[in-house]
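Letters A, B, C and D mark the chains in the order given here, with residues in each chain numbered from 1 onward.
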Amino acid sequence: MSENPYQPNLATIENIKEEVGGERAIKTFRLKFQDKNLQNNFMFQPGQCAMVSLLGKGECMFAISSSPTKKGYIEVSVMRHGKVTKALHEAEVGDVVGVRGPYGNNFDMKGWKGKNIVFIGGGIGQAPLRCLIDYVLDNKKDYGKLDVIYGARTTEDISFKDEFAELEKRKDVSVHLSIDVKEDGWKKFVGFVPDNLLKVKPSPKNTIAVTCGPPIMIKFVIQNLEKLGFNDDQIFTTLEMRMKCGIGKCGRCNIGNLYVCKDGPVFSYRELKKLQGER
Amino acid sequence: MKEKFEPNIIGFLCNWCSYAGADLAGTSRIQYPPNLKVIRVMCSGRVNPIFVINALQQGADGVLIGGCHPGDCHYERGNYLARRRMAVLKNLLEYTGIDSNRVRMTWVSAAEGHKFAEVVKEVTEDIRKLGPMQHFRRENKW
Amino acid sequence: MSGYILSKDNLPKFITEIMGKNKVFAPVEVNDETYFKEIKNPKDINMKYDNSKLPPKSLLFCQTETLFKFTPGTKVKIQPPDINNSKKAIFGIRPCDAKSFFIIDPVFKEDFEDPFYVTRRDNMLLVGLSCTNPYPNCFCTSFNDSPASSKHVDILLTDIGEKYFVEVNSEKGKKIVKSSLFKPATKADETKKKEVEKKAVNSITRFQKIDKIDEKLDKIFENHFWKEIADKCLRCGTCTYLCPTCHCFDIQDESTMIEGGRVRIWDTCMIPEYTLQASGYNPRPTRANRVRNRVYHKYNYYPKNLDVIACVGCGRCIEGCPVNIDIIDVVTRAGEVKP
Amino acid sequence: MVDEKTLRDAVKKTVGRKDVKYVVGYDKGTTGFQAAPTFAYEEKDAEKFVFNPTCVNNLAVYPMLEDKPPLRKGEEPDTRKIGIVLKGCDSRAIVQIIQEKGLKREDVVIIGIPCTGVIDPKKLKVKFPGQHKSVEVKYDNDKFAVTVDGKTQKFSKDELMPEKCKECEYPTPIIHDILIGKEIKGVKKPDYKEIEGFEKKSLDDKWKNWEKEFDKCIRCYACRQACPMCYCKECMVEILDPQWVRRSVNLSENTAWNLLRAFHLAGRCISCGECERSCPMDIPLMKLNKKITKDIHEMFDYKAGVDAEAKPLLAMFKPDDPEEFIL
């Protein structure tokens, strides 16, 4: 008989890092499988997701936000919203969670070799991009110029602050942060991410743009990317939906005939255009 | 081997009267059965029927709701509203075949430690006679 | 294809034979309605039922199923569930309901195999019973299927008067007809079966126009038509609960302080909570979105992914809908909408 | 008798008003013995409106069921009125919703129909099993004339009416803006014999009966959706934290759901019978509702959906409410 695909493997929370406080709190959890073999054999690609569950509370799909180049653990970044994420935020180091995965498709890291990459993130949408940025930096020689565009509602809400600070120090990456509403002491861009994108004006030549964030942001980012001359094959996004099974059976995460959990979450704009469906 | 059935009773007691009454019964060392498990609520009017049904589902054999005497409610009318609600609920339970004595209501003031003990005794004995509540208890089998 | 004959007197003996090796589920009449229930006595079976109230899918894909057990709290432990692999049989399943199993098979079998469904499916014997008196809202012939088709069962019985004509369609079925109760059929019996089948086919009055429906639907995704259809929808979900091919489910954790289980329960795409995200964003916020999704799932996405329309024409959703959203009418009209 | 032409004219007039979004009414339906709800957005849509004994649905459910997807920037909410065709019993739902302040009186335009009773589709289905090419049911004085495939048969009303019509107190809508035809005086009284008979049974017998019924429940919540009074934004069973009623389907959770549903309609149920009609498993939900209706009438002298100015039953009290059960 086959294995039970719904049954998670136990993992311990090794470390919890508070990224954002307040109402839209974000924490990053470092998870390590209890089974050492499993930990060593857990292979995933940037863009893939994992089902993390607190037994007794429920299960959620999260993008893995650590890079596969960092061995020995996986990380997920979680915004406090619903029942499970609320419980996760109350968890402590040493608590045990269930993890199954990795699920879904991934960014085409091999195909992108030698190209410039623009990362456009908003809010918690930075989580899958963080994995990708880390991966690219660890293989920097394979890729060209890197631009990171990121926006949040307020300075408070900017996630991965210290990591952005690290990035800003690097010479081979240019970082463009923004906040939605004007605040005292903020010298960088004020406005929405799509507008920031127009200001940064990355050149479409030999460039890939990857975006993730709230649905409305993705919509306008894609519009603006088109204005800048990016074609359908240069634009990639990772989507999310309410998910329950993670393996294309429970039916709820479909966009058109594709399931985000199984056939996604990474879609090129060309694929998205072909898909009719609500998202 | 047949053990004597000890009923499990959940008490929703109002903060201002019945809970204080229970407290008084305790501090005055009045004996009453240990079968009552007390949950303090701010007012008997806070007791949603969903609490009662859920208690019966989760293993309570009976539920006791305690409030202030009519006219004494800290919030003026919470106990009156609770009275209406429970009248409807008790009839509904009786109609579906669950003895309405499993859901009881009482007025106990902060000064009535003795009355509280008497009520708990009476309720416990009544429910002991009724036996365990088995109609729709959760099986918790997975 | 050569057939066999089972005399009506021998039917109880045949059922007892199956009951010896399997747990048998069969149509049983309760208060004028037919349900699939486990039977203890062959006499309990209603051989002339119209259409069962609920499809037999719950025998393979249970409404509530424990995926695994666990201990919550600080000493977390996970314990796999007991997957029951006893032999079971459905006696008297209609060809349309049997087809529904073939439609949902790939969902549970492909990619990540679902052990619960697959174990049950592999241990399930399907004894079909031809539908000689189709229900007012049946429309299986619209999908080029016949109410007396043996395609999706192990063996199929057809009532041809004083005996049953038996067709065999699988290895499992071949073993069964080795029993001495079955006699080879004559040419006359076979002709009689064809007559019965033809009569049943002719008595179906409702048809759905489905030629190239998946392509047609592709063109009218944004059409106002869907709002018109969904205006009267109560989003009650009866259609999905009664549908033999609806397979969506919800997963929830249920636990006490000391033990618990992760449970899978049937879900319905007609309620907003189905797609509501924790952030409050809902990709399908209106009833029009949801009704459209249901129709598209069956008539567009399924053909695209698995090359089969996920409807068997049993008519249960039409019977069950309190506001007369009629899938025959909806799809037929959708095919005529100008893009 | 309801003149369909007058009805259509009234619908036309209503939908023609600038401050009316649409009118909900009945059209013929595609199958079986049941009319279907239909919507008129333009005057020409009024032509499909009918009224005959097969118009059983309670259309009062629609104003509360409207989808309200989030507005785009700069978009104004559509505050136009909704027109509804209502029978006497259905109008009580609107009265009750207005009483609870779910709607304002001016949010709806009511086209009232004095109703002499509708059919119970289940009863007709038993009388005419199998396939039919055409089906028509008409009022024929004090009888129903049923025409199936060209042959007409007459039935006495009691034979085909659901229970609610046999004891209808309010054949004419309590509130209405337009009335189609003449007002009918309500002369019937509710009949609680069946309920009283059941009350007299032993506890065990009662539970055995309900255990069987609740066990059938598949928890599709169609009863809730069909009910015009169940319009909570979030139903108690869909709250996840704390989760009062688990989603798994078993006797315990089914009983909890059915009892709580009935309780939440205490003093609100207007006895339209939509829950029972839409239940795919045929659970006699009205028996629970009717029991409560009877109790509150006896205990508190209260009737739901009659007076829009009255206070909701469970949100008020009288000092001398019954309290013999209190210790």
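Descriptive notes on the structure:
Just so we're on the same page, a contact is a pair of C-beta atoms (placed from the backbone, for glycine too) under 8 Å apart; a residue touches a chain by one contact, two chains touch by 3 or more.
Quantities reported herein were computed from a predicted structural model and do not represent experimental measurements.
Taking the mean of the C-alpha atoms as each chain's centre, chain A and chain B sit 51 Å apart. In this assembly, the C-alpha centroid of chain C lies 31 Å from the C-alpha centroid of chain D.
Separating the centre of chain B from that of chain D, both taken as means of CA atoms, is a distance of 36 Å.
The distance from the centre of chain A to the centre of chain D, each centre being the mean of the chain's C-alpha atoms, comes to 48 Å.
Contact with two or more other chains is made by residues 246, 250 of chain D.
For chain A, residues that reach two or more other chains under the stated contact definition are 58, 82. For chain B, the set of residues that touch two or more other chains is empty.
Chain contacts in this assembly follow no simple pattern; the graph is neither a line, a ring, a star nor complete. Contact between chains, per the stated criterion, is found for A-C, A-D, B-C, B-D, C-D. Listing the residues of chain D that touch chain A in their complex gives 240-241. Of all residues in chain C, only 66, 69, 81, 254, 256, 259-261, 263 touch chain B in the complex they form.
Taken in their complex, chain C has these residues touching chain D: 31-33, 50, 53-54, 63-64, 133-134, 136-137, 203-206, 228, 231-232, 234-238, 241-242, 250, 252, 254, 263, 265-266, 268, 271, 273, 285-288, 318-320, 322-324, 326, 328-329.
Of all residues in chain A, those touching chain C in their complex are 1-8, 10, 53, 55-59, 81-82, 85, 95-96, 98, 214-215, 240-242, 244-245, 247-252, 254-257, 262, 276-279.
By the touch criterion given at the top, residues 58, 82-83, 86 of chain A touch chain D in their complex.
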